[in-house]
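Next, two complexes with chain A in common: one pairs it with chain B, the other with chain C.
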Partner chain A sequence: MTRRRFYRFLKYLFLFIAALLSLFPLVWMAVSATNASVDVVTGRLLPGKHLIENYRKLSQQANVKLAMVNSFRNSIVATFASLVVCSIAGYGFEIYHDKGKDFLMRLLLLSMMIPFAAIMIPLFMMVGKFGLLNTTTAFVLPTISTAFLIFLFRQSARYFPSEIIEAARLEGMSELGIFFGMYVPIMRSTYATAGIITFMNAWNNYLWPLIIMQSKDSIVMPILISNLIAGYVTDYGVVMLGVTLSVLPTIIIFLLLQNSFAEGILSSMK
Partner chain B sequence: MGQTLTLRRRQSLIGWLFIVPASVLIFVFYFYPIVRALWLSFQTGVGVNLQYAGLFNYQRLLSDNVFKLSLTNVFIFLIIQVPVMLTLALILASLLNDPTLKFRGFFRTALFLPCATSLVSYAIVFRSLFALDGFVNYLLTALSIIDKPINWGGNPWTARFLIIIALTWRWTGYNMVFYLAGLQNIDTSIYEAALIDGASGVTRFTKITVPLLKPIILLTTIMSTNGTLQLFDETMNLTNGGPANATLSVSQYIYRLSFQYSPRFGYAAAISFVIFILVAILALIQMRVGDTR
Partner chain C sequence: MRKNLIITLALVLVIALSGLASAVEITVWCWDPLFNIYAMEEAAKIYKEINPDVTINIVETPWDDVQTKLTTAVMAGQLNTLPDILLMQDNALIKNVTNFPGVFYDLTDSGIDFSQFADFKVRLTTVDGRNYGVPFDNGTAITALRTDILEQAGYTLEDFTDITWSEFIEMGKDILAKTGYPLLSSVSESPDHVMVTLQSARSWMFDENGNVFIANNEVLKETVEIYVELVKSGVLVQVPDWEQYIGTINRGTVAGTINGCWIIGTIVAQPDQAGKWGITNVPRLDKAPNATNYSNQGGSSWMVLNHSPNKDVAVDFLKHTFAGSVELYETILPSSGALATYLPAGDSDVYNEPHPFFGGQPIYADITEFAAKVPAVTYGVYNYEARDAVAVAISQVLAGWDINSALREAEETVKFLMGP
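Moving on, here comes the complex of A and B:
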């Protein structure tokens, strides 16, 4: 019995240490955002009073407001465009499927094995050729359509009852009307899942904007925080405030919609 | 009959209209660029002044020590980090799968939370934690474990260790979620029967959990390998590839060749094509596995 108790104790100890190690960097980040750099390097782990001071310094070094606005605009446009284009396609591939469309779907799935690093140079050249450098359009265009999302919506359309479609057709609804009027409202949870994943990917995208967003006006949050550490002297309070601001939106989404988030991750194995 | 046939055809046509925009975008932004990258890899020159050079870039690749080092780095990360992380994720998932566990929701959220952070931001947090005057050195000296601060980013192996620690922090919870989902599909009566037979926790783990989760373990292995091969944000922001390229990843090398030095698009494209081949082989294995499941 005592041995079993000991194992139980070990189990909880292990889990608590794991949870602590998992949370600590984030807690440290948030706490350090409110402290002066001197306090951060001397190991202060309590919230301080330098938050406003840090924000003032951060604003002097970088245009946080602009980066936030740009990041939100790019991510929202990317998410909206992506959901519309991919869900219509996913629905089309399932509801009207025939040999030709099934073949095309299999072909599109092959795009999932193309790593971004392999195509970034041609993409950059394309964007440059069309004069789209530093634009939201350039940021969004290559990320709108992904085989993963099309596949996700195709799978969900499989559970869309065909009786509904038949009934709606008899009532004279147009095909596009059925999609927007019947499918979209029923599949809200799929849209939530897909939306979270797409938004987070767009928000966190670093390499693509690093290449194409070269002007000061088009700066986004990942680039901004990456620039903060480029100098010789690092003000930890300021850097951590920048990082905290950049992860805040995704952490809030995560905490509110943890289950949809997990589902989105898991849908890649279905 | 003729009436229904035209109706069918009309619907089929509408179906094509539904799928055309997405398909065109994938052809333009995935398939065309990969073909273009292949063509580019047979060309040399600076910037956009390119000319055909056959296999020159691929020959150059074979004698490029930086490329070899970057590939070696990625494989070092792969061989050490992926098994450690997946084992840890598997253990955590099987502990969390116990419905009688207290604070289960808290543990799950805490372990899963790192997934909500962007790669750049957590890389910067780790860089600051492990800086020369950072918190880790402060703690270790305060506890008198070391007498002077360790220059984590300054030595090849401590820098690699740093990348490995950071990657493990970010992705363990992610993989744990896959295993948790897999464990929910395992019939609890198997565990009950094993308990009656007197199987210990370790035996149940190695004899039931691991074999039954095999397909998912394979899937997560492939995903992690794929991710590691494309490593960029972390090495860029945590160690900037240093010291002396000891943590330089292949993607970062491509980036340097194309956008930091005088642009060698042809040569960079040759390297990127090597990554493509490696990733494609992995994806094919993944599909095979997916089919047999």
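Moving on, here comes the complex of A and C:
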């Protein structure tokens, strides 16, 4: 009995330390957002009284509202577009049969190995030639179809009972009808997972918007934060406030979809 | 009736078009709202009175991002996505001009008088005898010291002026023993400190012909030896990153720092230390033949892009502001501390104002005086590669390597990176 209690103690101790390690940076970020820059670099760990002043300085230095609106618009469009495209592709890869299918899938997975920086220049040339600089379209296009999402949806479609599809076809339902009427509602958790991942990637995307967003009016949050740390003198309180504001949307969305997220990850790993 | 209408419409159109044609927008990429961007905004105000049709559109872009965007645009052949003017780190200027021929506008015959700028700064913006940049901010090296801590140990700022490194280390050990404060701090594995000392003796990691000059560079060897002695004696503490370096200054755990004069912005951020600082020139090497007490660290310059359809306007703008307006420098100095390398500005009264944070010392006049004496060196195309290699050599020597073999390896590394 005591031995079991001791093991439980060890288990909780381990979990406590692990939780502390992963939460500390977040807590430090939020606490630093309320402190003056000098307090941040001198290692103050208690909340301070500079939150309002930091916010005033931040809004003087940068157009947070504009960057937030742009980031939201870009990320939401990117998320919806890629969910639609990738889920249809993933479903198609699993449900329909063709002899080239597996080869194509392998080719697609191979594309995950190519780092974005390697294809950035030709992509930029295309976007520039099409006159799409500074637009949401340019932001969304390269990420609209990703091998990872297609793979995720394909894995989920594997557990979608094929008998139902057969039955629906016999009943005279169209292929699109089956997809939207039956597959989509059942796969809600996969959509939630894919949605969170895509939104987060789009929200945090730095390199691509850096290249294509040339005008002041198309600034997004990661670039705004990068601007804040570029000076000879960095105001760390203001930077931390900017970072805190920038991670809030992803945290909120994650918390809202948390249950479905865990479910979705499990179902695609079965 | 209808004919009249058409003529009227056509006239309106012509007037509208001519209005568009004379309004010019100059796009500028630069970073730091409190410093460069502020200076650019003030310059725009001044130029508005000279040429009201020109608007300056500043797009805030950090230095690393300027380099990324520049490289991508040039490699993708999308030069039209570049601005009309951009701010360039002096450390990278020669490399960019050399790697991207024809991208930057040659300012040599633009009518800008480069003799009005500090010599060392003009040298950093010159490639093959042609001027490519309008010098801007001043990176003149200073020794900033906590006068209150010096006093505790029985020293004054005067004792640290015009001295050699061996004198500096001697006093540093004494201060450490008496007060417990190290004199300096620096980011470990950063070559900045060694670079400042190297330039103070008019030496660099490349010779006049652009060949690597590391292994047999006696000045560099003396510089590295001094750095190692500083670390081993405890007079200089190494910290892991820039934030912690700032922390040692603001927390008051060190008695001073040696860096570009822009570090003043960081020092004055700690109001508790007001009146406790003073600045002087940097120590000089004991043995090096051209040793001086003056050097430079960092700094940037304005460049005009060659493809720009409005490059004449861009050049005219720079000529009337950063390269011709004492008024501009007088405006930007008090609130941003943006020091000029434009020498006529140094005579202005604003520069001779005493600075309360530094115990009433007229620091800007002092720094402008230092700037005129900074030895000119050419950083070269492979400056960053050489800096990194020497940084590795420094950590090797600190770890117990023989200095000659560490520098030889650094030289081999740079040669390898330069290719045949």
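Everything that follows uses one rule, which is that the second predicted complex is superposed on the first by the 225 of 270 C-alpha atoms of A that agree within 3 Å, B and C clash if a C-alpha of one lies under 4 Å from a C-alpha of the other, contacts with A are read in each partner's own complex, and residues count from 1 in each chain.
Everything below uses one rule, namely that contacts are C-beta pairs under 8 Å (C-beta built on N, C-alpha and C of every residue); 3 or more make two chains touch, one makes a residue touch a chain.
Computed from a predicted structure; not experimentally measured.
Of the two partner chains, chain C is the only one that A:232 touches; chain B does not reach it. Of the two partner chains, chain C is the only one touched by A:133; chain B is not.
When the two structures are aligned on the shared chain, A:142 is found in touch with chain B, with no touch to chain C. Of the two partner chains placed around the shared chain by superposition, neither chain B nor chain C is touched by A:46.
Counting the residues of chain A touched by each of chain B and chain C gives the higher count for B. Judged by the touch definition given at the top, the superposed model places A:170 against neither chain B nor chain C. Residue overlap on chain A between its contacts with chain B in one complex and with chain C in the other: 41-43, 120-122, 124-125, 207, 210-211, 226, 229, 234, 236. By the touch rule above, chain B contacts chain A in their complex via residues 11-12, 14-19, 21-23, 25-26, 29-34, 36-37, 40, 48, 88, 92, 95-96, 102-103, 106-107, 109-122, 124-129, 131, 133-135, 138-139, 142, 169, 172-174, 177-178, 181, 201, 216, 219, 223, 226, 229-230, 232-233, 236-237, 250-251, 254-255, 258-259, 265, 268-269, 272-273, 275-276, 279-280, 282-284.
Residues 7, 11-12, 14-15, 18-19, 21-23, 25-26, 28-29, 32, 40-43, 85-86, 88-89, 91-93, 95-98, 101, 104, 108, 111-126, 141-142, 144-147, 150, 175-176, 179, 200, 203-204, 206-207, 210-211, 222, 225-226, 228-229, 234, 236, 239-240, 243, 246-247, 250-251, 253-255, 258, 261-262, 265-266, 268-269 of chain A are the ones that touch chain B when the two sit in their complex. Every residue of chain C that touches chain A in the complex is listed here, in rising order: 31-35, 57-65, 68-69, 72-73, 75-78, 80-81, 243-244, 246-247, 250-251, 262-263, 265-266, 269-270. By the touch criterion given at the top, residues 37-38, 41-43, 61-62, 120-122, 124-125, 128, 133, 207, 210-211, 214-216, 223, 226-227, 229-234, 236 of chain A touch chain C in their complex.
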